[in-house]
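Two complexes are shown next, each including subunit A; its partner changes from subunit B in the first to subunit C in the second.
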Partner chain A sequence: MKRFFKTLKIIAIIIIAIIIFYILNKLLMPKYMTDLVEGSMISQYYREPKNHEVIFIGDCEVYANFSPMVLYEEKGITSYVRGSSQQLIWQSYYILKETLKYEIPKVVVFNVNSMRYSEPVSEAYNRLTIDKMKWSKEKYDIIKTSMLEEENMLSYIFPILRYHDRYDKLTKEDITYLFKEKDNTYQGFLINKNIKPVQSLPTKRPLANYQFEDIDYEYLQKILDLCKQNNIQLLLIKAPSVYPFWYDEYNEQIVEFAQKNNINFINFLDKVDEIGIDYTQDTYDGGLHLNLTGATKLTKYFSEYLKENYELTDYRNNSDVDKIYQEKLEMYHKDIM
Partner chain B sequence: MNKKSIIVAIIAIIVIVIIGICIFMTQNKETKQVVAENDVQEQSNNVTQNTYEFKDGDKTINLNSNFAELNMPKENNYYEVQSCAFNGMDKIYTYDHYEIRTYPDGDTDKVASIYFLDEQAQTQEGVKIGDSFETMTEKYGENYENLDAKYIYTKGKTQINFIITDNLITSIEYTYITD
Partner chain C sequence: MELISGTIFAIMLITVILYYTLPKKAKPYVLLLISIVVYASFGKSSIFFIIFSTVTTYLAGILLEKTKYRKTILAITIIINTLILVILKNGLFVKDIIIPIGISYYTFQVISYIIDIYRKKYEPQKNIAKYFLYTMYFPYLFIGPINRYDKIQELLYKTDKKFNASKVFNGLIRMLWGIFKKLVIANKIQIIISVITQDTATYQGAYALFAMILYSIELYCDFSGGIDVVIGFSKILQINLLENFENPYKSQSIQEFWRRWHITLSSWFRDYVYIPLGGSRCGKLRTNINVIIVFVLSGLWHGTQYILWGLLHGIFLIIGKFIKTPYKILNTIITFLIVSILWSFFIWQDAGTACTMMLSVFTKFNYADLIQNILNFGLSIANYVVLIISVIAVIIYDYNKVKINNKIKNMRTETKLIILISAVFIILIFGTYGIGFEASEFIYNKF
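So, the complex of A and B:
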């Protein structure tokens, strides 16, 4: 009996040590709640009801430019933007794979801007996309494919190994959001109301090679295959960001891929006049991203396209779903005032 | 060994492991920083030997130098590139014959690249847009890295990049290799 209690105590101590270690990990990890909120977008999805017929994947060109609230208000389309900063194409693939564990949408919209990148860009961007993902096979794979040479898997498993030097930079935010998170987006759409017009652009430089790399095609094909296996229609888009330049040579390759695979591709840069985007008013950073007015115009245009080309449900006729969306819309309209 | 000793030993092991990992990672990071700082110091001491530099008339523009201290004339064109999420800005200043791109380094902007806009700009070694591949190798030698149409010469943490199309140089850019 004495031996039993002794063992029990040891187990209790180990459990307490693990709990302390867990709390320290949570405490030292950036919360992305009031600063660099882009890091919190991935995890907000887990708290959402999973009833989306359209899922967006891609980099900042999706989370800044497409508003699911407008899609719903205009056509009753339920959607979610699973975008993140500098989301690379293999990251989009794994995020889509993870999303399909929760729900099967009718349409997946992928922004092709990331086709231009064939290797990880920086640890900071990796962290914004990966840190807040729930643990899963997909998270393991996304880390493995995204890590830079100087990174290691352990620091993603135990964030304390990466963020231990934050101990003297902890703020109130780290305590407030130790065990909870707040929503910083509307279904993945990050509102920005500022205006910074396009006044000039840098010189459009010739490139040594315009050909997308094999790894980009490999993951684009994987995204397509995943969609096919799940009976989802894949729609490729290029958001109307005027910089960094989207070269004609890039565009031709996407057009060719889309035609070969019988899928749709819209380059919104060709539709700017039709949409009514005014780059003196509709961008918050000189043409890299649209602001709220620009995103609203673009999403309204896109809602027409989606409705005409895909069989999507008008959920405004479904009282249960509509109730949820009306509450969100009320908050959204207050926020955008 | 009594139970108290076991408990203390377990806690001590856990604490030591955590502290050990943290110290190891901090030291590793500090060592890398010192090495990087030494590299930069060494380069600034031997700027002419170990780096490529660009001259516009009498003005020498070194890569990674503080842009504000260059006292450049008013640019023809200016563009800021804010990254997707971070506060830092890359800035692009366009002059008559070249473009300077800076990157944020703390409170200062440092020269990240110099890109030639026309044949009026030429490298220190006398190569300009429109020259041939042979002129490039004559002036810079054969010790280049070739990626598709790009030819890269490296000195320390600076590079000069040429793009060759149909045997002619169509693009010249100096770049600084940031950490």
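So, the complex of A and C:
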């Protein structure tokens, strides 16, 4: 009997230790709720009803520039932006793969800006995209393909190994959002109302090599294959920006890929005037990304294109869905005032 | 591969599992096999040198039993092995060669083995695999301690060991204590030291003294922490390695310091250099000369830039009795300050800068500046608090080691488990490691 109680005590201690360890990992990990909210965008998706006909994947050029609320308001299109900061192409692939476990959209919109990168850029960006992902095979793969030399898988599994030095930086936010999260975006769209007109631009420098790397093509093909397997139409886009980082040589390669695979590609850089973007008003960071007014103009334009070219449902006629969206729209309009 | 790394901990776990699950007779061979794997991972040169050292001393050991030319064989074996050590450590003749890991430790161990055989202290090992295990046992290749064949061979080769939870616990606690000293204390101090040493023009006087005192703590926690991991892990395998530290900063003289600091190196120099030179049996002058020779050699072993450091230690050891006061605490403080100031050679790495810094301690009294800038060395107030509490914990433990160890030994399993888990949590939270901190390597690895 004594032995039995001893074993029971040991088991209890181990269970308590595991719980404390779990809480410590949660506590020390940044919550991305008021600061660096980009880190919380990926996980907001899990809380949303999964009824989207359009899914956006890509870097900041999708979550800053396209508002699903406008898409719904204009054409009744249900959509979600699964973008994240500096989302690399293989990250977009795994995020799409993960999304398809929850729902099969009709159209996947991929912003091709990330074709410019063939290797992980920074640990901080990796963290913003990966930290809040739910554990799955896709999360494991995304970590494996994105890790920099100084990173290790264990620190993603146990965030305490990465964030332990936050013990003296903990704030009220870490307690408030220990087990819950708040929504920081509208279906993945991050509102930014600030205005910072274009003042100076980096000079366009010729590159030694404009050819996209094999790894980028490999994942672009994988994204296409994944869409084909699921009867999804892939739409490639290049979001507008006045920064001269998208070269004609890049564009030609995407055009060629799109033609070869019979998919659509829109380069919004050519349509800035048509859309009516005014870079003295419509950008929050001197022309790199659009602000709320810019994103609204762009999304309105895009909604026409989507409606014309794809068979998408107008959910405004579906009272169940419309009810949910009307509530969201009400909040959205309050927020953007 | 670092001693404190996921890879080595995984290897250690595999070792323990295999050690206690495979048939008894396989025990030494499991250790040898894993040691070979660890060694091979450091590259060809490491394997080549350890095989060379092991085979030459193994053959010499057997030959010493059978031949008339004992002195010649002993001399040749020592010269060859010492030459390799000197050449590799100082990068002579061969450039861009990676120094095989643990070269100092196995060279010292094979030399002590061969001299002891020559002195007929024990029989040579006839089983070459077992002898290889003596030279290659992987935990001590990282940071020591320097072992003696007669002290560890029995437990190293013993096969009838049963898994003992209490011994595993004691070993784990010792390992965690070492990791705590390294990650929570040494690595934090390393951040401050790296800032201070970057700007030798600004950071002089009080800053230099601050760095010296902190470095004393860092080096002790770094080096003894690594040794704790090695000894703790060996305890799990029921192999008792030699202790390397005995509360060194408690010493009341430099002589006592060297009986407490890096004990296995000091005793090696005593047994294989100082005593053969005549030790203290040939009059005062000769004794003092012998002391100086030993310390200069010890300095040289650390690197040519440390010769002056060795010499000064030798001088302070000789004049020790003249500067001793009747007050124990005062003697301890004086000894600690001498040792700390002399660590300058290790902090600033070149003798010239080290001397400038030592001199500045006595000429620049910028203590107000130091206090004003104390938060500009990369540590937050919280980190300083953790550091101070941790250092106090180490001091309390070092002064009450026996009492605390006995208390832990007699604790109930549940209490022991709670201690173990708490230690892991403390290290995980308050340790300085991971991205943004790269000094995970042990300072003493390179010697």
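Keep this in mind: the second predicted complex is superposed on the first by the 330 of 337 C-alpha atoms of A that agree within 3 Å, B and C clash if a C-alpha of one lies under 4 Å from a C-alpha of the other, contacts with A are read in each partner's own complex, and residues count from 1 in each chain.
Basically, a contact is a pair of C-beta atoms (placed from the backbone, for glycine too) under 8 Å apart; a residue touches a chain by one contact, two chains touch by 3 or more.
These numbers were taken from a predicted model, which means no experiment stands behind them.
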- Message: After the alignment on subunit A, I want to confirm one thing: do subunit B and subunit C clash, or do they fit together?
- Response: clash
- Query: Is A:Glu274 contacted by the first partner subunit B, the second partner subunit C, both or neither?
  - Reply: neither
- Is A:Ser200 touching the first partner subunit B, the second partner subunit C, both, or neither of them? first
- Item | Which of subunit B and subunit C A:Asn209 touches, first, second, both or neither | first
- Message: Is A:Asp168 touching anything from subunit B or subunit C once the two structures are fitted on A? First, second, both or neither.
- Response: second
- Query: A:Cys60 contacts which: subunit B (first), subunit C (second), both, neither?
  - Reply: first
- Note on the structure: Larger residue footprint on subunit A, choosing between subunit B and subunit C, goes to B
- Message: Per the contact definition in the header, classify A:Phe21: touching subunit B only (first), subunit C only (second), both, or neither.
- Response: both
- Regarding the shared-chain residue A:Ile10, is it in contact with subunit B (first), subunit C (second), both, or neither? both
- Message: On the A-aligned overlay, A:Ile160 touches which partner chain: subunit B = first, subunit C = second, or both, or neither?
- Response: both
- For A:Glu123, select first, second, both or neither according to whether it touches subunit B, subunit C, the two together, or no partner. second
- Task: Of the listed stretches 44-52, 278-286, 314-322 or 422-430, mark the one in subunit C with C-alpha atoms clashing against subunit B.
- Result: 422-430
- Note on the structure: Where subunit B and subunit C land on the same part of subunit A: residues 6, 9-10, 13-14, 17, 21, 24, 160-162, 164-165
- Contacting residues of subunit C [partner subunit A, same complex]: 6, 380-383, 413-414, 417-418, 421, 425, 428-436
- Going by the contact rule at the top, pick out the subunit A residues touching subunit C in the complex. 6, 9-10, 13-14, 17, 20-21, 24, 28, 123, 150-152, 154-155, 160-162, 164-165, 167-168
- For the subunit B and subunit A complex, residues of the former touching the latter: 3, 6-7, 10-11, 14, 18, 21-22, 25-26, 77-86, 92, 94, 99, 115, 117, 147-150, 163, 165, 170-171, 173
- Query: Residues of subunit A touching subunit B in their complex?
  - Reply: 6, 9-10, 13-14, 17, 21, 24, 36, 38-39, 59-60, 85-86, 124-125, 128, 160-162, 164-165, 200-203, 205-209, 243-244, 285-286, 288
